[in-house]
């Protein structure tokens, strides 16, 4: 067992446990914090995969922005949520069953796939994945258009979010 | 002028419609304007058809003034118009009676615009039937004529009166004019269902609806149709035609719509109904039944003659049994039109002989004559109805001293209707009897009973209205009966002149008819 | 002007007069009668010219005046109408024109021209008299002028037109035209006082009864026309045409074609000439003004019937059976009507039945083949019967004077038992009436009636028709008897009522026609004295020679035989004598032995016809045809269709549309959907997680299915 | 060396946990947390396939970047909705936000 394997297993175990905590913790703040942990785990996984840029973005965007956003949201809606009954609905066992089934199904499908045991090839010498990614994102021959579309989507989502969350009753500033 | 001459039939046919459409834009309240406009407009086709008469060559074979306009090309049906001596006579009658009827309608004050427009539409419908040389067009105009008449009866008919309808399902009452108009409409349409089917069959068979083409080919068509022997098909189609026309004529026992429709229709409506619409049926016999089904017509001539004789005899009896003046006159139409069909039946039994030609001459002339005298009679009934608001013969009595001029005109017209020699009805009845006697002696002899009863009911009418002790109710005060006025005399004048002229010197019209009949059969 | 043109013109003046009066001059009485009488004069003049020109033609029978024009196109040929004057036509024209002229003239006086307007007179009723105040201030009631004076002349004009047309026609059709026009005019004139229900009924009766005959006649004409292709007399009465007619077999009662046609035409005459059994209209026709009665009964209409049969004699004589029928009808009518006449009290009704009886003589004469005798009696009868009618009119007029004078309107001025002694009051009327009456009775040697009646009897005897001979002789006896009864009751003796005392002679316009006609009532007989009368070898009878020339075969002169002469002398004189002897002592109807109910009521023919024909016809019309057949059966069937269609529609709606389509298919589908929806609704919790779960479950199931079912093939 | 299957199974596990969270949590915010987990699981897969495929082809990473953007957008709108619903209905319990039903 190589070091990388051990690291991976540890990170994966931590991540899955954190994820489990995310979906089961009663306290939402805790859940959000557990999410942060999960996201860290994923970031490490990215690093293990030599996707350095993704790992960084994961930390910056997910943990820095999204997770914080969740915590804000939890706090904004908190007063009702505090210790009010079960955090899982009555049909949680169906959900669990479905989750297990999904997992089983996915694994089952993967099982017979011959590419399962592929090993990663060595990174080519002098290959810089970050700059290659940058090239790909803004190259007219590659993904500039989806990239720009994604940015427009993001903008639209922001505007939409502002509009949806805006409270007309307290929004005196509009007048 | 040249354009009019080249499209003379089209102009005559659609001028009334055009005028009616123009009327749409005239102010609705101006009754005087509307009346005169409609009257003037109806004079135009009359003048044109007089011109047509002068231009018509009775010796020429086939249709004259033929004109063909595209209409329904997918079916090979075209607006094909034409004129021979038979249609000419009928067109003349129509264009003559329409202005007269419009003049007679000047006393209508209710929704004058609609009334006049309907009348003009009606004229187009009637003319179309007489001019059509295309089966489908014939049928279209045949049905078109119904609609205005329906509304005229339904809307402008006698406002009073309820009709109790008894049937095996129990009885109920409805307004008399509603009953009459419905009966008229549904009966005629029901009758023409078979006609439509038969026309369509011919259309499918020959791929077009041209009357001349179909006439030339149908009578000796001998292939089986749809697995049914051609003689069966022809027999069924023959009766489909006959029933459609028999309802319109009306032949006994399809006649009961007529007294109701006549009685309830407005005066001018009755005039046109009796004067022209009934002729459509007889015209159908002459134009379609005899040429298309010579063999069947010959075979069933006896049956037709039986119905005609029944119409003559029962029509006369029923007329005699009436207490309603208008109904009496209405039944007289059944009686008179019976002679037309008798002549046609006789002719059918021996097409081409001199007897047949004479019978046909009589039948066609009888159509024309009945148009004149029946229109006159209905108008005269209308005149007195307008003044007294009753048609019950028992309510009159001894009116002659109050209305001597009216009385004179009534007697004159009645005598024409009775078939007094020297007036027009006699000529045609004599010709029919003369033509039918050698061919259908028994039926002709029986129909003489109808001729006898004609006298009885005509005299009954005169007796109850004019003669006898004066009914003082009409002599004084607000009910005082007023004499026929100048307009009404003007309505009667052309009819009376024609009645007398044809009675004394029928050759001018009979010559045209005679030649047409010789060529047609 | 050629004679033919003149013949064409003869009927026109009266027709023009009719139109002129109706259209223009009807307001002016003087102008109207001037037009009317003027037209009669013109026609009379023209007729006279034609008559005398006809006299001048040798063998007029073979070369009559003829002229024709095309009238009706009939296929390739034309039906021609035209005029013709042959000897028979000329002879008839002669008496027709004179009597018409006289009747026109008479009408002026009869309708009180020049008298004031009546106080309460009203169109449609006879004038009731007017009150005038003379210079001394006395009030008198005088006759008033007829309110419809102008109209009367118009009708007379039309009537005359009809008669002239009939006489001058060269064919049956125009003859029929004139015949029917007269029928109309008789209707109008009998119903002239249409305000009286009795007059109205009589008019209709006259028209309808004659129309029965006319209808048969029309059938006969049509038959004849189709059999021969022509209606012109001269073309029909050719040898081959007549043979052709005989050879036709119409399969009817074993008659030949000629026989059937003849019979049909004869039925027309039966109606028109009031022969039994269609005689009923004629007595009732007395409701009309008296000139009308004269016109109808003497000059024109009834004569027309006989004239038609005489015209058709060549055709009729072809079939023995027809001739027998004709002879029987004529003979029977002659005796039958004579018996009724004996019991009538109305002065005009007696004459009416006498007319029927005399017409029976003529018909009987024809039936036994006595062509000339029939024609002769027709003409003499026309003269003396017109005279008698006009005379009776004069009597009535005089009596009306009396009635107006006394003011007692309950007295019937026509009842002979109210008269008596008028001889002194109305001398001209008396003498002329006497002449007429004697002529009717056949007063020997002097009067026209004797010669004509004698000729009929002689013919009957000579041809061996003994039954006819005896019956006619009996009828002649009764004729003389009732004529004398009439004269006695009316003129002789003393006045039986005050009204009769105040009767007055009538004005000249009425008496002049009487005098003129009485001349002919005597003189016309002399033109027909048989050449072998009493075996005296006189000049040949002009009438026999002239009129007999009409026929292709000149009728033979019958040999003289004293028996018919003696018989006719006995019956005429005996009847007159007995009548005078009996009735000079009778002063009221109760004393009259002959007031037998059966005769007085005309053998109850009217009542019988009422029950046998009229009532059933009315029932047939009102109840059977209209109520049962039309309204019941035919409309019943129609009304079956209406509600039946409604019923079918209702059924379809009730049980198919509503139940099957709406409830089962329409509502059913909806219900199923709704129920399914309702059932499935709980799924729609609105809870997004459950939706998702569901979709996942389904995905899982579908995936599993795909996997296990298709997986095998993968 | 780590075989591809490890990453894939790891991602599948993460995805299933996210799915459970989405399906079973009552709190709307918590559901969104579950969605984040699922998105991360997808991203892991994308990155793994990039690494174990042709490294020079950057498609996998680009997709992951775009998923980041979408995730960010989703969270922004989602949370905005949650807040909006919370304001109007005073709850963020998914079961109670059932206006979508018939």
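So that you can tell them apart, the chains are marked A, B, C and D in the order they are listed, and the count of residues begins at 1 in each.
The definition used in the following text is that a residue touches a chain if its C-beta (ideal position, glycine included) is under 8 Å from a C-beta of that chain, and two chains touch if they have at least 3 such contacts.
Remember, predicted model here, so these are calculated numbers, not experimental data.
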Checklist line | Between A-D and C-D, the pair with more C-beta contacts | finding: A-D
Notebook entry, point to check: Which integer distance in Å separates the CA centroid of chain A from that of chain B?
Noted result: 95
Next item on the list: Could you give the separation in Å between the centres of chain C and chain D, each centre being the mean of its C-alpha atoms?
Entry: 120
Notebook entry, point to check: Between chain A and chain D, what is the separation of their C-alpha centroids in Å?
Noted result: 6
Notebook entry, point to check: At what distance in angstrom does the C-alpha mean of chain C lie from that of chain A?
Noted result: 126
Item checked: Residues of chain B whose C-beta touches two or more other chains -> none
Margin query: Where in chain A do residues touch two or more of the other chains?
Written below: 89, 91, 94-95, 98, 102
Margin query: If a residue has to touch 2 or more other chains to count, which residues of chain C qualify?
Written below: 689, 693, 696
Next item on the list: Throw together a list of every chain pair that touches.
Entry: A-C, A-D, B-C, C-D
Check: Mind pulling up the chain C residues that touch chain B in the complex?
Finding: 22, 70-77, 122-124, 173, 176-181, 184, 187-188, 191, 194-197, 200, 203-204, 207-208, 211-212, 215-216, 218-219, 221-223, 225-227, 250, 617-618, 620-627, 629-631, 633-636, 638-644, 646-647
Item checked: chain C - residues contacting chain A, complex -> 689-690, 693, 696-697, 700, 703
Notebook entry, point to check: Touching chain C in the complex: which residues of chain B?
Noted result: 165-170, 183, 186-187, 190, 253, 255-256, 259, 314, 317-322, 354-355, 357-358, 361, 398, 400-401, 404, 408, 411, 415, 420-422, 426-427, 430-431, 433-434, 437-438, 441, 444-445, 448-449, 451-453, 455-456, 459-460, 463, 466-470, 505-507, 510-511, 514-515, 518
Checklist line | For the chain D and chain C complex, residues of the former touching the latter | finding: 22-24, 31, 94-95, 97-102
Next item on the list: Note which residues of chain C are touching chain D in the complex, please.
Entry: 681, 684-689, 692-693, 696
